[in-house]
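Look for subunit A in each of the two complexes below; its partner is subunit B in the first and subunit C in the second.
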Partner chain A sequence: MDMMVSTLQQQRAVTEQLRREAAIKRIPVSVAVSDIIKYINEHEQEDCLLVGFSSQKVNPFREKSSCTVL
Partner chain B sequence: MAADTAVSASPEETLESLLREVEALKQKLEEERQKLNDVSLSSIAEKLEPITFPNLKLRRVLKGHQAKVLCSDWCPDKRHIVSSSQDGKVIIWDAFNATKESTISMPSTWVMACAYAPSGTLIAAGGLDNKVTVFPIGGDEEPGVRKRTVATHTSYISACLFPNTDRQLLTGSGDGTCALWDVESGQLLQSFQGHAADVMCLDLAPSEMGDTFASGSCDRSALVWDMRTGQPVQAFDTHLSDVNGVKYHPSGDSILTGCDDSVCRLFDLRADREVARYGKDSILFGVNSVEWSVSGRLVFAGYSDYTAGAWDAVRAARLCVLCGHEHRVARLQRSPDGTALATASWDATIRIWA
Partner chain C sequence: MPKEDPETTALKKELTDLISKVKADQEKLADAKLAEKCSDLGDVPKIRFVTKKTLKGHLNKVNSVHYSGDSRHCVTGSLDGKLIIWDTWSGNKVQIIPLRSAWVMSVAFAPSGNFVACGGMDNMCTVYDVNNRDATGAAKMVRELAGYEGFLSSCRFLDDTHILTGSGDMKICVWDLEAGKREMEFDAHAGDVVSISLSPDMKSYVTGSVDKTCKLWDVRDEKAKQTFFGHEADVNSVCYHNGGYAFATASEDKTARLFDIRSDQQLGHYTPPGASGFTSCALSLSGRYLMAGSDDNSVHSWDTLKVSHTGTLNGHENRVTSISVAPNGVAMASCSWDSSVRVWG
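Then we have the complex of A and B:
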């Protein structure tokens, strides 16, 4: 009997979770996607992994020097 | 959108009526999500310049662990990295010089999670010991002297992070739960129950988005949680296998997941659905960790085939493959200012790419 009650409780929790999810307000994908593009346009100049460095000197991980002592 | 009125709660709820309601709600959810799916992300890619990819080069190799590196985290100072390993050690590195600054012995091997606190003066780590230990660094005494157990789960620790404060710790565990702890007292503040299997990964929403976080699990789903109520607010379950990595988009409006089925997926939170997939038939091995570039244009993924990949997030096309590791890439993370990418691998090394 306890098994039955706990199964019912579990199922109730699952149902309540789905009720909450079904009540979410959604926006069209076209709006979401245009915001993704907008974010890229606004931040791409700060994105060193995308556009590189204005000069290698500002790259903290640049090679120290290409000269080697033979 | 008044879905909650479709079947109102009655005192005579039975298992059968609940199961019927679940089916109806699932169908309704799918219909609602599909109705708003009016365009694809890649179809508007022509609005953006194509990427002229600056070749990411290997800049540093951090060597010192005796076994698999399982996790790593950048310090907010953009210079130091903490890593944890199967060898039972936590190492703090100066990534600029590729030198070891200190080594801390942990209570057990397989230290699967480690994290820097926002101040950069505390570190948390844990794994197969089912506990997260927190210790101060940068003081006069040896790190590890003032170790303190903060979190305890009933199975291994898979992930931990400080949620924008040194005073709290968020953990994910093989026991299927996530939990929020008070660092000072070790008290459990909130437990997050909703996954049906091991929690594998965690990520915190960007700070301006409020108190939410995302988790990925071996139950093939990613959940978005409200930290205050302890309830999941959104669930994404289109994965075919374990969700090993999760990362919020820098805008906070979407989450990226890395899955054992070899595919990364982008879920928009406001559209409440999957909007892109990053995968190829030729990629056969699972994704262990995912990351964004600062602008959200690049997606990085670390794979079990020893490589890391960079993807154009909009065109969903792979741009390059980072080769060099000699075992699976367990974790990858960009530095806080976005100038470099660190990959931690089962080959016992950490590599820095820039």
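Then we have the complex of A and C:
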């Protein structure tokens, strides 16, 4: 970790900041990962990059042959 | 050499103790590994991204791309001194905005689609109104935000009246665009701030810096909430996960990573075959895919959960500088030093 400080004032500021950051409440990784998995599973079907387009109608890149409503 | 005063010595000791304490607290909570916990999930479907559109028009390196909130338009900035607003669905150019300075490094589209912003080595952030033209027919310049002591590396609209910027002078600023005044300006990192990503609820953001760290901020505060260590060289890009609890990063150290906010530590470490620095990263809508643009001219993708490399998108003929996923997840745009922009899906 690079904590380069040159003055007393800066040293105080850096130490105070780390005191704040050290004091936060953290949750276990297992819980964090479960929540991420849950979000991904819930949204997988809407993720076009993952599942593609359900039909050509929703594909905005399809070649349009007739008139479209802009 | 003057003797160090007792307070400085005490503070330095406290700092070292705090660092050890934080590491220990984080390790206590590391009761699972990402890939192991996901080992029984189905594999990602065999989808291959292809280039749906190649957007040609810039005459020089394109440094930055950002989607509008409408998931259809995007803005790109190039060293040819222009911003181009594209309709990614048709591949057409909607607007070309000539810039006063060609040295553009970063662009942003307001979520509303009403404004675009850019900045770079001119040490300024300039905002243009997409819906109003000036006498020459180009988008009207509405604000030139100056006073930076370093290059503008990143900018993001909080809404149509506020913009957040990160710069080479290691600071973050929040500007009130209606008043044309800085609302906040503070030292953020121990090195250039190079990337900003807003949380889905727009109340927080993460920053990446050449000081190798990422920090989490509340938009109202001038002091960071958390600092994330792990990268071994400049962090070039950060991207919030839509779930709001994690973010992806890409670095000069040739890795992409996933950090979790609530457990305050790194969860994933992603490397490609071969080894090149990464310039940019993005997550798909659900977050299952992590993509990173590379110095090796390609965009790499991984299964975020299983921590496995899922593919390499080839097409660009030079470094990929920036990537952006459409807010509705329908496509990913990439831009490159080869002067083109590609839309993948």
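Of note:
We adopt the following convention: the second predicted complex is superposed on the first by the 56 of 70 C-alpha atoms of A that agree within 3 Å, B and C clash if a C-alpha of one lies under 4 Å from a C-alpha of the other, contacts with A are read in each partner's own complex, and residues count from 1 in each chain.
We adopt the following convention: contacts are C-beta pairs under 8 Å (C-beta built on N, C-alpha and C of every residue); 3 or more make two chains touch, one makes a residue touch a chain.
Everything numeric here is computed off the predicted structure, so don't read it as measured data.
When the two structures are aligned on the shared chain, A:R20 is found in touch with subunit B and with subunit C. Shared-chain residue A:G52: touches subunit B and subunit C both. With the contact threshold set out at the top, residues 4, 8, 11-12, 14-15, 17-22, 24, 26-37, 39-40, 42-44, 46-52, 60-61 of subunit A are in contact with subunit B in one structure and with subunit C in the other. Against subunit A, the residues of subunit B that register as touching in their complex are 1-4, 6, 13-15, 18-19, 21-22, 25-26, 28-29, 32-33, 36-41, 44, 47-48, 51, 54, 56, 59-60, 78-79, 95-96, 194, 231-235, 249-251, 253-254, 268, 270-273, 275, 293-298, 313-314, 334, 337-341, 352, 354. Those residues of subunit A that touch subunit B in the complex are listed here as 4, 7-8, 11-12, 14-15, 17-37, 39-44, 46-53, 59-63.
Listing the residues of subunit A that touch subunit C in their complex gives 1-4, 8, 11-12, 14-15, 17-22, 24, 26-37, 39-40, 42-44, 46-52, 60-61. Subunit C contributes residues 5, 7-8, 11-12, 14-15, 18-19, 21-22, 25-26, 29-34, 37-38, 41, 44-45, 47, 49, 52-53, 72, 88-89, 190, 211-212, 223-227, 229, 241-243, 245-246, 260, 262-265, 267, 284-289, 304-305, 325, 328-332, 343, 345 to its touches with subunit A in the complex.
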